[in-house]
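Once you scroll down, you'll see the structures, which are given as structure tokens.
Shared between the two complexes below is chain A, which has chain B as its partner in the first and chain C in the second.
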Partner chain A sequence: MMTLSNISARSNQWITPNIAIMAVFLFTAPFWLTAVGLYDYIGLEIVIWLIYAMGFNLLFGYTGLHSFGHGAYLGVGAYAFGLFQHEVAVSLWGGLFAAVAAAGIAGLFVGLFLSHRRGLYYALLTIAFGQIFWFSAIKLRGITGGEDGLLNIPRPELNLLVTSIDLNNNVALYYFAAIILFILILFLWRLVHSPFGRILQAIRQNEMRASFAGYEVWRFKLAAFTISAMFAGMAGGLFSMAQQSAYPDVMAVHQSGLIVMMVLIGGGLVSFWGPVFGVILYYVARDILGGITEAWLLWYGLMFVLMVMFRPEGIAGVIHTLNQRFSKRPATQKAQVT
Partner chain B sequence: MTQLVPHIFNGLTLGLLFALIALGFMLIVGVMEVINLAHGSLFALGAYFALTIIGVDPIADTGLGQWWLSLPLVSRYVVALFVAPVVTGLIGMLLELCLRRTYGRAPLYGLLLTFGAGIVIEETIRLTWGTGEQNLTIPDAINGATFFIGSIFSKYKFFAAGFSILAIIGVWLFLEKTPYGAIIKAGAHDSEMVRALGYDLSKLRLLVFGFGASLAGLAGIVMVPIWGLRPHVGIDVVIPAFLIIALGGVGSFGGAVIAAILVGLTVGITGAYASAWSMMSMYILLIIVLGFRSRGLFGRASALEN
Partner chain C sequence: MAFFEARNIHKRFGSSVVLEKIDLDFEQGQISGIMGPNGAGKTTCFNVLTGRYAPNRGTMTFEGRDITGLSPQRIARMGISRSFQIMNLFDDSAVIENIMIALPEFRDMRSNMIRPVFRDKMLEAEAMEILSQVGLQDVAWEPSKSLSYGQRRALEIGVALAAKPRIVFLDEPTQGLGAEATRQLSTLIKQLRERYTIVLIEHDMRFLFELADKISVIHWGQVIAEGTPSELQSNSWVQRSALGEIA
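So, the complex of A and B:
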């Protein structure tokens, strides 16, 4: 079976062709999105969800830890951003910092409980903690606004040295989120190819062997969980700006399951870029299928089931297989940059 | 303390109902090491099948439908109680056929496949029966209220709790006292040996999954008069079932029943003091128990840990 180690070999490069392609698509998107029948807001949603999914895949694909309650940290980030705007000050960086810090602290706390667990019990505990966050968000009406959530969250101005940019325009917010996503992708790319990233992959392949090699496995599991929670928090902060509200729905176990589906369909288990395919496919399917039929989730679910049955390596895996079939280079060279 | 008695009693009945919900889930996870996340959707499906069997909406205007509707509700209900789980079991078998491709791979794939299948079933329910909340009519004999230890209880809860006890005993007898139960358990323990002895393991798995699914459907029929019937009722069901199995320990029948009653009591007693938080208490219970005993109360080593 194909795994992440098949495709992505060690890379010492900062910018690979794939990162360049990603950058081109990312920064030209507002110019062609409407031409292909989509709209600016969906681009914004995709970029935000990409931050979430790429961070999630550090945990899910690279470390092999299956979290089914990750929506909680997105929600914590969203609420933290909103509360910061309402209670402290209307500030972009302050709000985003609060979102990332709150999600990181929540992730660190939960991770401390989780990191000595494996397999089924790990997954189950992530669900249990996710449910606790979700319940709290609904029941602590005084802080979170209950089922309705926090409303009227402003989109603060982006203050650069000489000028300030109004983010109330969706395209402006898109570029802001896209730049953050791009920086985070560079960071993640370095991270997964650093010694730290290699240890995470060793843990995925055989946790016991990694611990016999002398690594304190739980510390690495804790770090992976916290980092991915912080990514979710950043996505949550941006999401509450995009929606101008924060509500408990994103924290429900159903939503946490959807991110797993997206990452798996895209091929997060075999490729760094898997989440990108998965998130794009989900949103495009939602818009196109959702325009045709109300039961679009039925077809998406069916596609997911077939994918798990026949192509568990996802879209990225299929692309890799096709590449291998059509190029004549020996396998060792091909594995260089993905 | 005396005020607490009805809450403890409520908790006990709730625990028995939780045990009924977890029964089919436990069978599949214990024997096949597959976490069936479609369990909740099969639960809902069973209840919707019963709804259709009792009301026969598609053929209500034909002669056959008229004759069926003229029968007393009790007999229609009893027929539904038997037929709907069987149909749900057939759907479960279909799911098992899809699952075969994930055998021999990491347990994650079985879990993901059933998660997707759960969504598919739920959406199919939405398309077939509509998105609104529906009522499963129950016979008068088990409807209404009754007095017990100084408080009012609904008769139906007694019926449901009694039914759970019967189902638990039935499944236990099946697993422990019949040759089929012995083969099933042996298949879980050492599948290669069972195959070498000449038993058809793939047929066995098909039957076990079908049986587990029909137990889910049965639980659905019994539970929805209390919880209400809506397409997404499944998600409210599968998470507690999952939690009870982890609490009791994978592969332990008694552990699951004890865990279910423990969860019921926790929810019931929390409900007495802080009703808004009662459903959350079970997650806290799980975190506390797994904090001290990583395999649950009575768990043994399992492939699902890897």
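So, the complex of A and C:
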């Protein structure tokens, strides 16, 4: 049985083989997406949702805290980006900063209520707060535009010192988001092997032992929640650029449930890379199944049920098992998923 | 004033009184033993002394400082550490990581989000040193859930020692161990007495009488007898339960 908290032989390195593979896929995608029957915009969506999902899994998989209302922070990020463009200035970095900061503040605030709780109470509170944000987004018409949302959010250009890049092109926006995702992956990879990250994983395994080892457990839970909300905020900011609008639907409870399903199906409980598989599978399923039947979510739900029943370790778990079967090495207990 | 003092400790859960009125003194550099029948309140007493529960009445001082009602993490950071009767480890993590996380040096780096833990050779060496004290150096990189029962008991003690405690509370460390493992543990604790102040809850009387400088008997939530092992030999409760054990 593998777990997230195995010690990877390569956990000391900035760039592991898996990170390199990820980079290759990420930065070559626009060259082959259409060849495999997809399109640029889906690549952009996948990258944005990966930022969301990987930050979410720091909380969900690594720290073992079950948030079912995380869409709220993606939504807060999206609105903050849009409002910044409309009310302050048309600025890429200003907007993204506002998105991350607003989601971080929202996460910090909610986290203060959550972090002394655990288990079911924790989960229920995340849902309750998620509903509050969703409801507010619909009702605060003057700020959020109500059910219609904020429209006409511009895609500000990316100013590099000597030149500037127009992000109205989906491929350009894709590369911009992909670079952000890649930097965040490097950061997360360091984080989960750092003292802070190891303590989060210790808290998942045994909160009581962690407190008797001298750690203020609630502070770590609060930090994990806030960081994952900031990731959601970054995703939200990019999403409002991608959609050129921000609307309440992403904050709804069923949307927050989808991110949980993606992370679980992908294998986020056993692997750093779980969310990657989960997000890709979701979007590919949406496109392929969605092209065949309106009821594609039903089939996706069924897939989730089967996965939980027969392969609770998710896609990453399946890949890990296959890997061990085909490489000659015997499956030792120290075998790693990285 | 003793190194660690508990005065008039009263603890109840709802209407059920578990600790009536406990007074205990633990002296620096000694092994203090606590014995008593099952359900007497020994573990609850440890839970109060190490901050898991605040007492309803009474005070605790450590090196003259009042620690009554402090959280477990505050108490732990003052150099008070403990093992658990019901084992309490980070099961998915490697054995060595269970130790590393308990090291004060690791605690000092707790907000570092960048530095790779397993590149730190000093932390590793430090953890290996603790592991060899408890005889687990050969299984350092195994997941802790793969250990045998006796090894897990040893790891419990290792984690308590890793904190570099000024006083360490061990709750029935021999529970479930065979004769041979118990003997090894006894040898280990004899070695530890040079370096640590130890408080030991123990069911196995022979084990406790051999090790402890002073023993307190807890019954019905009170300390009913106290003294050196030889003084206690004549205590009627001790005699009765010793007889029971032999019979």
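Definition applied: the second predicted complex is superposed on the first by the 323 of 338 C-alpha atoms of A that agree within 3 Å, B and C clash if a C-alpha of one lies under 4 Å from a C-alpha of the other, contacts with A are read in each partner's own complex, and residues count from 1 in each chain.
In this section, a contact is a pair of C-beta atoms (placed from the backbone, for glycine too) under 8 Å apart; a residue touches a chain by one contact, two chains touch by 3 or more.
Bear in mind that the values here come from a model prediction, so they are computed numbers and not experimental data.
Engineer: Touch check for A:194: first (chain B), second (chain C), both, or neither?
Structural biologist: In the superposition, A:194 contacts chain C only.
Engineer: After superposition on the shared chain, which partner residues are touched by A:286: those of chain B (first), chain C (second), both, or neither?
Structural biologist: neither
Engineer: When the two structures are overlaid on chain A, which partner does A:215 contact: first (chain B), second (chain C), both, or neither?
Structural biologist: second
Engineer: Looking at A:86 after the superposition, I want to know if it touches chain B, chain C, both of them or none. Which is it: first, second, both, neither?
Structural biologist: After superposition on chain A, A:86 lies in contact with neither partner.
Engineer: Does chain B (first) or chain C (second) touch A:202, or do both, or does neither?
Structural biologist: second
Engineer: Using the superposition on chain A described above, determine whether A:311 touches chain B (first), chain C (second), both, or neither.
Structural biologist: Once the two structures are laid over each other on A, A:311 reaches no partner at all.
Engineer: Looking at the overlay, what does A:66 touch: chain B (first), chain C (second), both, or neither?
Structural biologist: In the superposed model, A:66 contacts chain B only, not chain C.
Engineer: Note which residues of chain A are touching chain C in the complex, please.
Structural biologist: Against chain C, chain A makes touches at 3-7, 11-12, 187, 190-191, 193-199, 201-202, 205-206, 208-217, 333-334.
Engineer: Under the definition above, what is the set of chain C residues touching chain A in their complex?
Structural biologist: 50, 52, 71-73, 76-77, 81-82, 84, 88-94, 97, 100-102, 104, 106-107, 109-119, 141-143, 146, 159, 163
Engineer: Where on chain A is chain B touching in the complex?
Structural biologist: Per the stated touch rule, the residues are 1, 66, 113, 116-121, 123-125, 127-129, 131-132, 135-136, 139, 253-254, 257, 260-261, 264, 295, 297-298, 300-302, 304-305, 308-310, 312.
Engineer: Mind pulling up the chain B residues that touch chain A in the complex?
Structural biologist: For chain B paired with chain A, touching residues are 35, 98, 101-102, 105, 107-109, 111-113, 115-117, 119-120, 123-124, 126-127, 235, 239, 242-243, 246, 250, 276-277, 279-280, 283-284, 286-287, 290-291, 294-295, 302, 304-306.
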